[in-house]
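Shared between the two complexes below is chain A, which pairs with chain B and chain C, respectively.
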Partner chain A sequence: MTSTSTVTTGERITTARIEADPSIPAIRMTRDFAATPEQLFRAHTDQDLFARWVGPDGMDMQITDWDARTGGSWAYTAGSGEDSYGFHGCFHEVRNDRIVQTFTFDGEPDGVALETLTFEDLGDGRTRLHALSLCDSFEGRDAWLRSGMEVGVNEGYAKLDSLLADGAV
Partner chain B sequence: MTDQLSAVFAALADPTRRDLVARLAAGDSTVGELAAPYDVSVQAVSKHLQVLERAGLVSKGRDAQRRPVHLEAEVFDLMTKWIERYQRQAEERYQRLDAVLADMQDDTQHDRQRQQPEEGTAS
Partner chain C sequence: MTSTSTVTTGERITTARIEADPSIPAIRMTRDFAATPEQLFRAHTDQDLFARWVGPDGMDMQITDWDARTGGSWAYTAGSGEDSYGFHGCFHEVRNDRIVQTFTFDGEPDGVALETLTFEDLGDGRTRLHALSLCDSFEGRDAWLRSGMEVGVNEGYAKLDSLLADGAV
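The block that comes next holds the complex of A and B.
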């Protein structure tokens, strides 16, 4: 394994890059990690490791179902009491360099997104994560993007309120 | 206020209206110009434009002859803000993942150090 790596000294994507596709209801995310593809894979498939990073800051995470194998399933709950949100899905394919899974928010049981995660070996102990979330409608995709606002409800709506008050909308 | 927000999303949920918005992003157009490429009546396009107008996404110009349709860019700034916020949350999540990966690195190193003296022994 002494292959002189021909990694193009390309740019590093050190903060999450997000793209909402205008032509298909998809969200694309890209981010580099100082880890091998194998480690990144484990952080996505090992229940204990996954629980440590997936949930929003300061929110309880409860993984209620976890079988990270092709054909397996998963479910978790974030938050507690009335402020808890459940999510579930299936692992369609679990492979060292790629995970394909479905994703459903329990509050919207008819909606389902297809997520494809790819671990691209950058060859220098770094790995690029590509995450493609394909939603089943633009409405669903946009509601998903908007949900980011709803977590911090007041801040987001305050901005909208002032926009509306200004007559800008 | 949230009703207005819902109106924006409902307006953009329709593919024809999304297409109209995309074309208006290139510049103001009249209803006739907007209707031209579609296999539907000017009336049907007018209806779509009414939905967009009610949601605050477009406005009609004052030029009495042409009444060009104008895209209200501020609403899209709002969408950009949603994406930025979503980006921030994703980045926070990935920074937690960074920390987990760094811990894994340490564990691997410790394991190696622990295993070294025992090399060669069957496990």
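The block that comes next holds the complex of A and C.
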């Protein structure tokens, strides 16, 4: 199960790759950015920056808990009123080249994924983000892949591209 | 890969069952206790109680971080000096019938497991602990199973049996 989508960011075409791991119940994702590893780290740990890019287009993000350090926690709500979706987790590890955190969609409170983000320096001011989302069943992983999650992922990363292009990160 | 060990606690024989999941890189463990779910919850969340039973016999446990609530964190050191082993993680969720936490052995700092403990009320003051440890590879899971981890697990639970029998929980 492979989903590859292409978005145009200024002069550059950027591709996000989302794959179901063949042997473990995990989603593997890679995405290249015109950013240094330090910038990607900042974009994932600075509360105000994170709120400006995460999630799909046109959805208001409210961060309700943010303590981006090893042993800290996070929570945010997307949308508002009855059309809002909550997410929360804890930060297992926050270090310059790697963030490990748990992830729960509040609509399915017993579902927990373990996410590992790594920032691979490609040189020349470019960085490859590797994201591994480990689920506790293949059924849960496949349901997540079928949920349309790639829309929010890709729209979010396109917003991050714009912030990077604008010098905001 | 199944390991079943039997320990005698007073008049009762208690069996801990440790199994490799056949389809996902996880260890599944069940263990019955002469305890209510509330007592097992307390034994896993009260810092002083936890330090009295976790780990193998004859090893000094020093809890260096303890915030047993949803979004909190934990760390402890087993042994002392050069023969000490550190472990740490964050608490994704702490609720009466379920604890979800991350787990890292500091000797292998990039290895992270996602642990889910549930307390199943069997009635008559007995509770079955279910523990799921989800790893990010079968190799890592199998190495952990081969490490002799069942010794510390079983000796720890036998200490918890004694604390329960003594009315200390």
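Just so it is clear, the second predicted complex is superposed on the first by the 135 of 169 C-alpha atoms of A that agree within 3 Å, B and C clash if a C-alpha of one lies under 4 Å from a C-alpha of the other, contacts with A are read in each partner's own complex, and residues count from 1 in each chain.
Keep in mind that, in the parts below, contacts are C-beta pairs under 8 Å (C-beta built on N, C-alpha and C of every residue); 3 or more make two chains touch, one makes a residue touch a chain.
Every value quoted in this text rests on a predicted model; they were computed, and no experiment measured them.
Trainee: Quick one: is A:I24 in contact with chain B, with chain C, with both, or with neither? Answer first, second, both or neither.
Mentor: A:I24: touches chain C, not chain B.
Trainee: Just checking: does A:L114 make contact with chain B only, chain C only, both, or neither of them? Give me first, second, both or neither.
Mentor: second
Trainee: What is the contact status of A:S137 with respect to chain B (first) and chain C (second): first, second, both, or neither?
Mentor: A:S137: touches chain B and chain C.
Trainee: After lining up the shared chain so the two structures overlap, which partner does A:R52 touch, if you call chain B first and chain C second: first, second, both or neither?
Mentor: After superposing on A, A:R52 lies in contact with chain B but is clear of chain C.
Trainee: Chain A residues in contact: does chain B have more, or chain C?
Mentor: B
Trainee: Taking the superposition on A as described, I'd like to know which of chain B and chain C A:A16 touches: first, second, both or neither.
Mentor: A:A16 contacts chain B only, not chain C.
Trainee: Where does A:H92 make contact in the superposed view: on chain B (first), on chain C (second), on both, or on neither?
Mentor: In the superposition, A:H92 touches chain C alone.
Trainee: Once the shared chain is lined up, is A:S73 touching chain B (first), chain C (second), both, or neither of them?
Mentor: In the superposed model, A:S73 contacts chain C only, not chain B.
Trainee: Is there a shared patch on chain A that both chain B and chain C touch, and which residues make it up?
Mentor: In the superposed arrangement, which is not itself an observed complex, chain A uses residues 137-138 for both chain B and chain C.
Trainee: Taking the touch rule as given, give the residues of chain B at its contact with chain A in the complex, in rising order.
Mentor: 1-2, 4-5, 9-10, 12-13, 15, 18, 22, 56, 72, 74-75, 78-79, 81-83, 85-94, 96-102, 104-105
Trainee: Flag every residue of chain A that touches chain B in the complex, lowest number first.
Mentor: Listed in rising order, the residues of chain A that touch chain B are 15-18, 20, 22, 27, 29, 31, 33-35, 39-40, 42-43, 49, 52-54, 56-57, 129, 137-139, 142-143, 145-146, 148-149, 151-152, 156-157, 159-161, 163-164, 168-169.
Trainee: Please name which positions on chain C make contact with chain A in the complex.
Mentor: Chain C reaches chain A through residues 23-26, 65, 67, 70-73, 75, 88-93, 98, 100, 102, 104, 110, 112, 114, 116, 132, 134, 136-138.
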